[in-house]
Structure formats: C-alpha cells, structure tokens
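Some structures to go through are shown next.
Below, subunit A partners subunit B and then partners subunit C, in two separate complexes.
This part shows the complex of A and B:
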C-alpha cells in the first residue's frame, strides 16, 4: 500500500468534494461555500460562456429526502421569477449521482456585511427592499423559513436578493386574500392522507401539497431527514423552534424579518444612542417578533409599510405615541414650516414691541 | 495476513464486513476480520506508538495481540453500530486492552498469541516518521484512519483499472493526483509522456477520479459499522461536515 503524505490526502479529499461535471456544459472553477445540504461551486457555462453558481448535494449516497429537497428548492426558485430572487437556469443529476441545480452567480455582500457601513435610514430602506421578494413569495404560498442576514445578498448595484430557499415550505393557498395576505393551508402527506405537519422523533415530515400552481404544481414534498428543527437559531419564530410545522405560515417569516430589522438597528459598539433606539422602531421589531403569531403583522407588506411610515415621519401602527412625542415628530417632520412660523411670530413680536415705543 | 488491497475477496454488500465479523460462519468471519485488520492495523499501530509512547517492538507485539484477540475472541460481538463509530469502538478497545495489560503485567504473553498476522511494521514505522503529528493521539488516529482509507482506495482503483485494461488511466491519475506538488506535470507534459492527446488526459483524469470516488465509498463501507455511520462519514469526507 502506497503511503500518502498529508498533502496528497488533502488533495484527494478536495478532489472528492469536486462534483463530477462530465457530460454537462459546466466546468467547476472554485468552491464558493458549503451549507447544510451541499456545496456551492463557481462554474463556467461552456456554451453561454458565462460564470454560474452550481449548488450540488454533498454525497451521491445522501438520502432521497435531501435530493428531493434540493430539487424542490430549484423548483421553488424556478417558480419565483422576481428581481429579488436568484433565477435558476438548470437542474438535474450529475454523473456521480449527485443532485444539482445551476443558478445565476450572485456577486455581492451579505446583508450583515453590507449594512455595517450604512447610515440607519439607508439600512431601513434596504430592509424595505428585502420585503418585496418575500411578499411576492408569500403571495405564491411559499414561506422561506430561514431568513437571516447571511441569506440576503446585496449586489454591486445595490440590488437585494433573498437567497437559500432550501428550507422553503410550500403552502396551498385555499383562500388567499391579497388585502390581508392571509393564507390558509391545506396539506396532504406523502401517503395522500390529509393531515397537518407532524414532528416525530425529531424528524419533520413535510407534505405533499396541492399548490397554487395549477397543473404546474410543485412536486409533493417528501419527508425531510434533518433530524432537527429546521431554521437558524436566533431567527426562528417560537412555533418554528417548537417544531410546530402545521402552524408555520408567513408570520413565521415576519418574525425572522423582525430579527433582521433588530440586527440592522444595532450600532457599532461604543456608538452614542441615536435614532436606532427610537421607540417606534423598537415597537416595530417587538410587534414583528411577538411570541403570539396573531400579535405579529399579518403580512410582510404591513411590516414594510410601518417602516416606511417611520421613514416618512408618520405614526407607526406598532406604537401609540404620547402628546410630546407626537409634537416632537410633527416638528421634526415639518421642520421648515415650523422654522418659518417661528420666524414669522418672532418678527411679529419684534414689530409689536417696536411699534409700542 | 496478506494485504488485500482490492477488498474484492470479500463480497461488498453494505456493512457485510462488520455483520459477517459478528456472524457465525467461520469462513465469512475470517474474511471479514481480514478486511478489518487490513483497514485498521496501521492506524492502530501508529496510535499505540504515539498514545502510549511505547517502543517499536512493544507496539508491534501489541498490534499483533490486539488483532489476534479480535480474531479469536468475540471482541466485535459487543459492538453496537447504533452507539458509535466502529473506529471509536476499536480505539476504546485498544485503550482498554493496553490498560489491562499494564495492570495485569501480562505483556510478556503477547508473544504467545496463537495467530500470527503478517503486518509490515517496517513500512508503518517509516510512515510514522514521515507524517506530521499535531494535536492529540486521538486526532492522529482519526487522521491515520482517513489516510488508510484513501490509500486502500488507491490500491482498489489500481487493481480495478488493471483488470479493466485501464492502466494508462490509472498511471495518469497517479502521476497527476498522487505526485508531489513540486513535480506535478502539466496536462501537455502528461500527454507527451503517455503519448496521448491533451484532451485524453482530461478524460482519463475525470474517469479515474470518478472511479476513485467510488473506491473510497466502497472502502468506507468496509471501514464503518452501520449505514448511518457510513452516511455520516461520506458526508464528512465530501466536505459538508468538514472542519
């Protein structure tokens, strides 16, 4: 048996991770990163001569659940054609048996990195733009379930993209109201029996879903074998942490959006207390992150609109201000008019005083 | 015991090795134990040398003794794949056996093992000197386990390529992927050396790497104790859980 030095073992191990792209139009260039399900590779599309990103399942022997989940992610992305959601170009199985999909290469920074250098008001405007693709997804009955700053990319031209839909839950919108964004759910498990989602021995069994896509419906979800509650600690809503899959709806994403907003309000250590500590903004976070689902915003549009109202100097729905706060806000919002009125009153006063002499 | 790099003497069914080693059929059991010994003796020997800081001769005796006992006694009968990795179980057995021998001062009995296994300790000693030893002995055991896995997979690939008349494919793989970084040839140099087209070099490497990947996974089957362990290790080797 030939002795393999450490360097060769490392090289072979890296080679093992490289997807076998023989027979495809892609050529692997560089490992961009890896996550729970697989790796993301920078690749060259040899036909269209452009760089793309390939998301590849980790091992060909991985469970069918993971392969189905990756494929479901590709199908979800394909259905969500929106400027704020990365487009998928291709999907399939590689020669080595691994499931993959090809998507647009997104170059930019994650939200947490990008937002660090921005003033508060720009961070809030950025937050509003995250809400747009999310609202679109919700209108299509898809819940992201893993929203966090690391899953939001900001491109070189300021474009905002919501990434990593691998944990997305597809809901059947039996009644969707565009006014309230309320979506009620009907789920069918893989055996065809109607049920709500269940959590058994730490394994979440997601369901076959009668989706809102008509004849082009998403393939039924099969069981996921993660063995843990799906999501990221710190951004998961209480119902998600408890594994109450049947309760999860768009308000679960709204909780995560509240967490994102909270992280965007954080100032660098040592910064003086500023606008980010304002009560209306804190109240918006608190409402979005309410433990009670019914106490949260009903839709992501409502949340974004409240942030918009704050930016416009209007009262926000999440916070009832007192008379002093209201006055201060009105003064702040109408600063020019207030200065002109005060100047006018001051001139009048001077006029009266001088005319009496 | 003659090395069995290909491992094809043992029918490759999922976790047949551990199951057969725990079984009653003496012939199957013996072949399974050969496969386990072949996969594990190097990490065991090197681990003992480092962990217990014993002299070379003592480590050789202990390794012989350990695998003899594994063959003769029902060591593996107490292994439950649901409770942990096979290699962790074996490492625990090593530590326990070593401590027992120290306590009972029975080390002189090691030479009396009924079964003598032919193991190339000279080679293992050279390898030990050539490898870097950072971290704990347990980490080193894990590292050696991966090294042995890959080395056995390379041998498996060599035998398979030879049998399939793909010796050039293996030779290209060996020169390019198993050579030193400093002397790594270019694709053109390889094409000249083997008198093939440059595009063939690419194709041969793709073929060999794909087959190598299969060999690693096949070897991994032989070195793990359960489907769950195999899946976990495969994912770790393929990078998802790699640190």
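This part shows the complex of A and C:
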C-alpha cells in the first residue's frame, strides 16, 4: 500500500539529508552526490561569495567514529597543500550535530571520461601529472589507498586533481603525522581508527558538469568495497585485498597507479591496436602491479619517470629490449637524422656508380 | 648532449673525412686522395664551427638547417672554384654535410648555459 507518491518521498528524503547550515557562512544549493558516509553539497560561501563543496556526514551515519573519520579526512587534506589536491577551506560541526568540511568546488570530468578521447601520448602525459600530487602526499607520509580513474578529476583548464582521500592512511614517524597528535603508533587510517579497528570504506564524490568537455555522469562507476578490506576491486594491491594493513605503504598506491595506467592504455572499442600495446608500456604496468611489493617501483616518481622515458623515446627500466627493438627505437627517435644520413649515403652511392661508368 | 660548437666540429670533421674518402671511388682523382681528404676535413671543420656558433646564437631548427646548407654549399663552391670543375659533385655533398650538421647541432647540441647548469 502506497501512502505517498514517489516524488514526495524523494523530496522528504532530500529534506532529511539537507544539512542544517544555520549559523554558518554557507547556504546549501544542490546535492552533488552521496556515498557510504555522507553527502556532498554544492553550497554558497556567503562571505567570500563563491561556490564551494561541503562534505557532510549523513544523518544516519553520525556515529562518533565516522565523525572522527570525516574530520581526519579533512585534516589529511589540509595537510596536503598541493595544486593537484583539493584544498580544504573549513571544517567543523553543524547545528544538527553533523560533522562537515568545506572544500574547493571541483568542476570537470573524471579521468576515465576525460581520457577517452585523448591520443595515447596525451593520456600518458596526464598520467605523469597524476603522479605529482601523489608523490607529494607520499613525501608527507600519506597513502591514498583508493586511487582509480573515478577519483581523479581533470578540470576545464586541464588541471589534474586527485580526489577522495577518505581512505588515506597516515604513515607513522612523519613530521606531518606527529603534528596532529591523532595518529596511532603504527598506522592510522583517515578514519582516525587504528589498523586493528573497524574499517568502513568511503565513496567518491565527483561532479561532472556541462563544460567545454561536455557532460559526464554523476554516479561513480566503481564503488569502494565495504568491510575490513579498504579500496576498490580492480585497483587494490594484493596486500590491500588481503587486509594486511600494516604492510601498506606507497607501493600500494603504485599498484593502483599501474592499474590506472593499464586502464589508460585501453583503446576505445573498434579502434586499431597501436602503440598502447607496446611491450615497454605493458612492462611498466606489470612492474607497477607486481604481486610482490619489492618488485614494484620504489616510488611513484620512478614510475612517472619510466613513463616519461617511454615518451622521450628512451629505454624504460621495466623492460630489457633486444637489439632489434633498441635499433627500432633509436631510428624512431632520430627519424629525421636517419633519413638525412641515408639520403647522403644514397647520393654518394649514386655518385660512385656514375663515376665508374 | 655535447656543446653545439664541439658537436658541429666533430660532426663536420667526421663527415668531411668520409666525404673526402669517397673520392677514392673516382679513378680520375684517386691519385690526389690525401689532399682531397685533408681539404675536405678542413672544410668540414670550418663548416662545423660556423654552424655550431650559429646554433648557439639562434635556436631554430629551420634556420639552423638553412644556415648549414648555405655554409656547406658556399665552402664547397670555394673548393670547386679552386678545382676549376666538379661543381655538382663537390657542392651537392658539401651542402648535404652542412645540412646534416645544421640539423644535428640544433637538435642534439646542448647550449653552453645548459651545460653549466
């Protein structure tokens, strides 16, 4: 038996989710997305007169643990001041008791949507730029743990932003971690829970708006798995899948970067097999995604540098090429010089042949 | 990457030697091969230095190639003028050597500022 029409139920649900922003400088405008932990709202900052994004803990999830987790996520983000990481402007508790934080509103497309129409070399350059904020985070002792194309946004001016640090892990013994005083002795999740505590995954919140690149979908394609295992299937390193939280370090993110690279190498259906199937690129993916952590790249910079070497026509560390491949690469890299020398030799040969007549 | 002038000098010299040695295949001039190789090498070295200096001053692939072509052709013309003949056989390879050196110095030569850094 149905008492209320669906539209009214939907409006009531939205009304319940709408955060009580009274007493704050923000005014909720539009629901951008929702996930396992909370909702993200487009809001207007009434003082600075600019649109912002508010991540608010869902009313039904307002437990102390999740509130601490959201706050820890804000703290992690605040610690990561980098052009490739969304800046946090504000954080606190609303009048209705829900925890929130305010961040820059990111408009653009997720990597998987954006990269679809790019040629391979552009995709690889984009990949290198994802590595920059990640390397910065690693240098601050923070591991993302949920890297995937849906968590990378490309803005209207081509700016690359790594999003959703909700599952980030703060490594111990870093200057940054000691600053907060909220980090356990060994490892602490962005949840603020120790590695042995209950772990709940988050969801990404991405907004794709109509812009110069067209429109994109609001809903994420891959949702983060729930349970003791944190991350997204298909992008999780083996140690992450096994729930070996203490083993997780930057090489776990490197595995995910390898998965992202692999997804970027996939050509759209129907397009011919081209450079993306080159052995060095496959070898880079394979090295980054090694089951053995020690066999992976030691740092994300090394991975990006190998991709850069490929782009520059240089040998990559992940692949030992044979003499024919090496020659082909050198010829390809110095095509004009080879053509000039060959033209010179051909001309000389003609001169010799004609002089003998 | 080596210095543009050094690269021009080395490349001009090597190509000059090779250019001179090919005269061995022309029976009419085989007797004077030593003089031809020396002359050709000297011409290559001068062309290499000039093209290298130009590459250091002007950072343009097209202009570098054009300058190399012009210098190579001009120096070869002087040689051909002194020989009273073989203009085509001397000027075409000379111009091509200049072109190759011009391309190489622009493409592969490192500027001295970069080397100091």
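The rule is short, and it goes like this: the second predicted complex is superposed on the first by the 292 of 357 C-alpha atoms of A that agree within 3 Å, B and C clash if a C-alpha of one lies under 4 Å from a C-alpha of the other, contacts with A are read in each partner's own complex, and residues count from 1 in each chain.
Throughout what follows, contacts are C-beta pairs under 8 Å (C-beta built on N, C-alpha and C of every residue); 3 or more make two chains touch, one makes a residue touch a chain.
It should be emphasised that the depicted structure is a prediction, and the values quoted were computed from it without experimental measurement.
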**OP:** Name the contact category of A:89: first (subunit B only), second (subunit C only), both, or neither.
**Re:** neither
**OP:** Return first, second, both or neither, reflecting whether A:341 touches subunit B, subunit C, both chains, or no partner chain.
**Re:** second
Original post:
If you stack the two complexes on chain A, which partner ends up touching A:25: first (subunit B), second (subunit C), both, or neither?
Top reply: neither
Original post:
After lining up the shared chain so the two structures overlap, which partner does A:38 touch, if you call subunit B first and subunit C second: first, second, both or neither?
Top reply: first
Original post:
Is subunit A touched at more residues by subunit B or by subunit C?
Top reply: B
**OP:** Provide the residue numbers of subunit A that touch subunit C in the complex, in ascending order.
**Re:** 336-337, 340-341, 343-344, 347-348, 351-352, 355-356
Subject >> Touch list for subunit B against partner subunit A, complex >> reply: 3, 5, 123, 126-127, 130-132, 143, 146-148, 150-152, 154-155, 177-178, 180-181, 206, 209-210, 212-213, 216-217, 230-231, 234-235, 237-240, 242
Original post:
For subunit A, which residues count as touching subunit B in their complex?
Top reply: 1-9, 11-13, 15-18, 20, 22, 31, 34, 36-39, 58-59, 61-63, 95-96
Subject >> Contact footprint of subunit A on subunit C as seen in their complex >> reply: 22, 25-28, 89, 92-93, 96-97, 99-100, 103-104, 107-108
